[in-house]
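Look for chain A in each of the two complexes below; its partner is chain B in the first and chain C in the second.
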Partner chain A sequence: MPSADPLDRREFLRRATRAGLGVALAGGLAALSFDASGPSASPPERAKTGLPDFSLPQAAGRIAVARGAVRRETLWLALQALGGIESFVGRGDRVLIKVNAAFASPPILSATTHPDLVFELARLCYAAGAASVVVTDNPINDPASCFALSGIGPAARRAGASVVLPAESLFRPVSLEGARLIRNWPVLTGPLAGITRLIGVAPVKDHHRSGASMTLKNWYGLLGGRRNLFHQDVHRLIAELALLVRPTLVVLDGTTTMMTNGPTGGSLSDLRETRTLIAGTDPVAVDACGAELLGKRPEDLPFLGAAEKAGAGTVDFRRLSPREVAA
Partner chain B sequence: MAVSCTASSPARPSRRESRIAAAILLFLALIAAAVLREQSRPHPAVENFLHARALAVGTRGPAAAGRFALPEGTFALSPPERFDRDSLSEKINGKAELYLAAGFVRLDCWRLGLAGAEDSWIEVFVYEMGSFENAFSVFSAQRRADAVGLELTEFAYAAENAFFFVHGTRYIELIASGAGEPFTRAMEAIGRRLIAERPALQAALTERDLFPSEGLVADSIRRIAADAFGLAGLDRVYSASYRTDGGEAVVFFTRRDHPDQAAALARSYLEMLRAFGAAVAPAEGMDGAFRVEVLDTFEVVFTRAEFFAGTREATDSGLALELARRLEKRLEEAGHALR
Partner chain C sequence: MSLRSARRASQIFFTVLFFWFCVVATLGERFTELSGWPVNLFLELDPLAAIATLLSTHTLYRGLLWALLTVCATILLGRVFCGFVCPFGAMHQFVGRLSLRGRPTALRLEKNRFHPAQNLKYVLLAFFLAAAALGPGGGGSLLVGLLDPLCLAQRSVNLALLPFLERLGIAVRGEPRLAREALAIAAVFLAAILLNLHRPRFFCRFLCPLGALLGLLGRFALLRIGRTPEACTGCTLCERSCEGACEPTGRIRTAECVLCLNCLADCRHGAIALSTRASAAGEIPLPDPGRRAVLAAAVAGAATVALGRVGGATGATWSPSLVRPPGALAEEEFLSRCIRCGQCMRVCPTNVIHPAGLEEGLEALWTPKLDFRAGTSGCQHTCIACGRLCPTAAIRPLRLEERLGTAEFASRGPLRIGCAFVDRGRCLPWAMDRPCIVCQENCPVSPKAIFTRPVYTEVRLAEPLIVREAAGERIGLAAGRLPPGRFATGDYYVPLPSGRRLRIRAHGEQAIELAAAIPEAELPFSGSALSIAIRLQQPYVDPERCIGCGVCEHECPVLGKRAIRVTAENESRHPRHRMIL
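Entry: the complex of A and B
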């Protein structure tokens, strides 16, 4: 049997040197391309609270209560009492309207934001010079059905606004500093990209779990994932949402209030004509005022006190001297 | 000096060669270990992304509901849906707790359009509750004030735009997108079709007979599935409203498996009321009963065999005692029949 060529010492050292250089080169290249910090988990524009702050310091603490049965009129009146839509939306602003489109139910059940309000608000924003208006929500039911059957989608498009339905790519994890619940949780942040003004619009509803669903509970619609888990601690969650989301303006529609069997309702018997629309820049104050339409006191809704304690606003809305107007 | 590396004539490597070879092997091993270590620890950003993606898509896609032959004049507007205990809140959000506490099993939904009427539809909710009592619980808990009785089943009523009824172990809601005759006609047809397609044993609400009849407000009987009157553990409670010349009150009772359990519940209930500042004293003329005054209302509570019962929210203390005595008598009369 033939034997292999003998390997002399010189040859061995040459081959060993080559192998060593090869390994050193590979290791060196790896070391050069190694990113010790890794990709950033949070984009640099993220605000301290986890989302950008859309509130306007010069408009802080404003609240107006408009009485009347026609939403487009009461909205206009309430906004005028607050200084006009121009106080909140200016030329070139990109506006996001966060509606409550939670259910695929018709407008007459008042389980969702009324399409008349969506239309009028989008129209007013454009009239004030907004460059774009986007309407969005992450509904409980199928999003396309919710926006279509609630009338919100058609109303938004009629006013020239675009509707953004939630898609997987539009969620990213968000943590609220110091929070116990909103930590590394998927939030619908995609539609907020490039937005300069955020407006929340919600109906006044009884809620089986939280006692009431108004403008603060409306931010629940920005959460993704198995958010129903939060119902076990819903008051804390709403208080955390109040800190997470700092809107430019909120509009609370109590033209018709869902007094019982909320948040879905289902019967016209669950509703009462309360002919009130509340708008303001302090969502805690707006909700505290709206609680009265449900025959409740702020103490009956623990999330209000928790939100106030966390620094999201004031429960004592009367201290803000609400402007009362009537159609 | 030549070094032979053949199998037939193995030569012993020099000490220097051995050290170099060992150093190379050690270096390679270190690289492999570093790679393995980093692979086992994905960056938090990657973990967040994967977690968020899993969560964001985890709530969609309800299963298809069971079959349902549509009545004439209706058509399916969207695919049928089915929800279980884990997914119910994806359909009814915060109201899911009401159903879950009452023994909910599954929900089947259909949205039906009305032929020839654009933008007119009826949504059908069939809640399988596992028992007639559970179905009655959610039916009675949501009963609307201006309800009009229906003849579909023994427990059925209509609101302006909706039908609500119990059929066997199911609680059924038909909710229309509007009000008026075409909707009412269609809801009646859908209701009758559902009943015909899903035969169910006629269940009787035997507990109804335990309530004293005089002063009983019609259709006010409720079954509270859990945490009645704010007390954890106080479940399966029947209550009814009373209205008399002497004022208004609520009468309630729950039947436990053993008299000791009824007594323990009564103690817990009284402790809770005391914590709220209630004044508790023995009730005059009723052996073992307690009279309670709390927040300007009156209560009388007692236990009889397996029953924990009483009156509450009475506007007058005399009325609270009078109704409690009548309830006690009914429980004693009917108690053996229920055994």
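Entry: the complex of A and C
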């Protein structure tokens, strides 16, 4: 009564080989993927250190103050007093203009960089031989709305510059050496790729937490991630930003100053005509000079002192003998 | 070109147009953006949405007048909309056709035979129309938007398909948009599509309340499908691909015929015609869902709305978390208009409008609700896009002046959609001794609705600080160590006996440097205890200024449950939700 189909030797060997291979495969896969320690608590640090330095040593410590109501004029005058746009932008340069486009607010409310300045600056860069001009910011309100409503987007395009809106893929973690706050923090580095000149353009605005929003506070707009946390230590952050971002040139627009309700403003009654435009290569000095437009002394703004102490510039801007010009 | 080819071409054209209008329904001037495209066209051609709002509001709003075109076409030609125009119908037809491709004729005949359950759609129509017409306070509720084919399709594409494609990196503008109820909305859509595997055009035959309405409207159609008196051999091939399952061989059920015209093309004997004469084999002009069933459904529809409101959702127990878009009507009127098409959500430039889930009650399912954590930045107070697009004026079209409360609206003040409240147990300066006021910074109105009051609070130290010596701007410590840099942020002060405080400019472990010199008389003694105070600006909300835009809530760094949150209190649309005098 043996079974009709007994297991012969050949069949047995074949089955045994297959079974053996199956076991080996399972065991091999398990051994290869075995993880005795489990996931580690923090992902490995992959931040790059610092950003490129865009400042020009031969132009260090220059500052000019132009008075007048027409931005195109005062910008040109201030630049002439600094040696002309040609001393900052040359043939083939790829320029990034960092504007303040934080809010979806029309130009008349002065909560954002004025489109006339964006247009004129981009135009001058091209006239000086720039190969490309890019305008960017990581605004607080909806980015597309901000660039459209502020007029910055259309003005940039009219001048032939391209506008880069922030996208997740354009941020990379960056650490600043010796910094407490900017460590492994997402920074809008995408638009900086291939850039040879960096120009910051910001309006003068009241700011309840930091005291004032000018060219240094403007670099906040290069930060991504949960940057609102930095309000808990805003002065230190601005000082660190002053070290992290070394621009070729900054332009501080005090043609109209937002005296109250900043940094959003929202009403013409928040504004005062101050008819001043400050340009320079030392953002700390430029901001210290601009503080006067808000009726503040540099000592009232702790981030200035902290930035100077960190080696980012000079608070006592008069020491740099600013050139005064008037339209 | 045969009539069937014309029908196919028309379906392809309208389906492509439908998707195109969905894609371009985003704010902007470019060709691929809103820029004047009539993106509401299909919703406006939908007579069910028009009749339901007519019943609930006794008015026909703006573009809904287009529905008259569909109504007239149906009266003259029968369900030509179903066969030639409806994009949802075209999708069903396409999938149903694929499912029966290459299957034996016997099976196809079986699948395309009339089923008595096709009467269900008339019952559903009665339910939805009664729900629309008979509300507790006059107008009812437009629950029909849940099942109306055009609302369903529009909502599914707007709130599930397009966001899903964006997530895959297709057709994305900037960052992909969030769509909160995408899974549930997509599930309904996919279920409707997959039911075609059971029977072709399942949704159209059994469920579509619009199809039911059009079937009834086509009762006296001039042109209709039917048998000619001669030539029929009884082969039944004409029923092989009959989309409406209306049985053209026998007494044709005219109300079921979707004018697919397949019978016309499939008949090899010229026995089927589209003509002004009634079918030689006789007709069943009206469906027979049963008078009792229709009556019961109507009663159920009215009762559903009434029962839904027994809980008080539109009255005393209104939901404070249900913040509606700016211009939304008072809740009862809103529900008597909103067809849940998702157009407001699609066009919102900041992606802050989302479909409400079941948390806001069945009646509010998939109606628009603001979620300030989602989106790119609260509800921009200079934007009126949603009300401009809303096809039924559930969100009233506003002028910017009205929203902002300027020009002739100055006396009324700005439109409020809610009010922000600071949660003092979660707010960093209120509860955690940390400076912040991101909310105040971002408040977009002038003067700001969020203001701050400074307070100085003694800092909690690990060990007491004992003064060694003090002179001028400097204080040296004999005991206690300061954590490096911690108090040099510009927010920390040393209080003096007079009540004055001097800001700490810098410090080491045991040395403090102040921003100004300590007056002689107030110099701390050697050996005395030293305290350090932090200056905190604590946020408050001025309800008279707050418009409920939620930018503060969006920006609050307490990310989970925000420390400042907007709820519907004080919203303009409800005088009885007023909070302040």
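The working rule: the second predicted complex is superposed on the first by the 278 of 327 C-alpha atoms of A that agree within 3 Å, B and C clash if a C-alpha of one lies under 4 Å from a C-alpha of the other, contacts with A are read in each partner's own complex, and residues count from 1 in each chain.
Keep in mind that, in the parts below, a residue touches a chain if its C-beta (ideal position, glycine included) is under 8 Å from a C-beta of that chain, and two chains touch if they have at least 3 such contacts.
Remember, it's a predicted structure, so these values are computed and weren't measured experimentally.
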Item to complete: In the overlay, answer first, second, both or neither for which of chain B and chain C A:23 touches.
Response: first
Discussion item. Once chain A of both complexes is superposed, is A:140 in touch with chain B (first), chain C (second), both, or neither?
Written reply: both
Practice prompt. Would you sort A:108 into first (chain B), second (chain C), both or neither based on which partner it touches?
Written response: first
Discussion item. If we overlay the two complexes on their shared chain A, which of chain B and chain C does A:303 touch? Say first, second, both or neither.
Written reply: second
Discussion item. Once chain A of both complexes is superposed, is A:165 in touch with chain B (first), chain C (second), both, or neither?
Written reply: second
Practice prompt. Would you check which partner chain A:269 touches, where first means chain B only, second means chain C only, and both and neither mean what they say?
Written response: both
Worksheet item: Just chain B (first), just chain C (second), both, or neither: which does A:228 touch?
Response: both
Item to complete: Give one of first, second, both or neither to describe whether A:7 is in contact with chain B, with chain C, with both, or with none.
Response: first
Worksheet entry | Greater residue coverage of chain A in the superposed arrangement, chain B or chain C | B
Discussion item. So in the superposed three-chain picture, is A:236 touching just chain B, just chain C, both, or none of them (first/second/both/neither)?
Written reply: second
Worksheet, complete the sentence: Both partners, chain B and chain C, contact chain A at residues 103-106, 140-142, 145, 149, 168, 207-209, 226, 228, 231, 234, 260-261, 263-264, 266-267, 269-270
Fill in: Interface residues, chain A side, partner chain C - complex
103-106, 140-145, 149, 165, 167-168, 180, 207-209, 226, 228-229, 231-236, 260-261, 263-267, 269-270, 299, 302-303, 305-306, 309
Worksheet item: Which part of chain A faces chain B closely enough to touch in the complex?
Response: 1, 3-4, 6-9, 12, 16, 19-20, 23, 27, 30, 38-41, 102-106, 108-109, 140-142, 145, 149, 168, 171-173, 184-186, 207-210, 213, 224-228, 231, 234, 260-264, 266-270
Worksheet item: Can you name the residues of chain B that touch chain A in the complex?
Response: 1-9, 14, 17, 20-21, 24, 27-28, 31, 43-46, 48-49, 51-53, 55-59, 78, 89-98, 111, 121, 123, 142, 144-147, 159-162, 164, 173, 175, 177-179
Fill in: Residues of chain C that touch chain A when the two form their complex
28, 173-175, 349-351, 375-378, 380, 382-383, 428, 434-438, 440-448, 452, 485, 488-491, 503, 505-506, 515, 537, 551, 555-557, 559
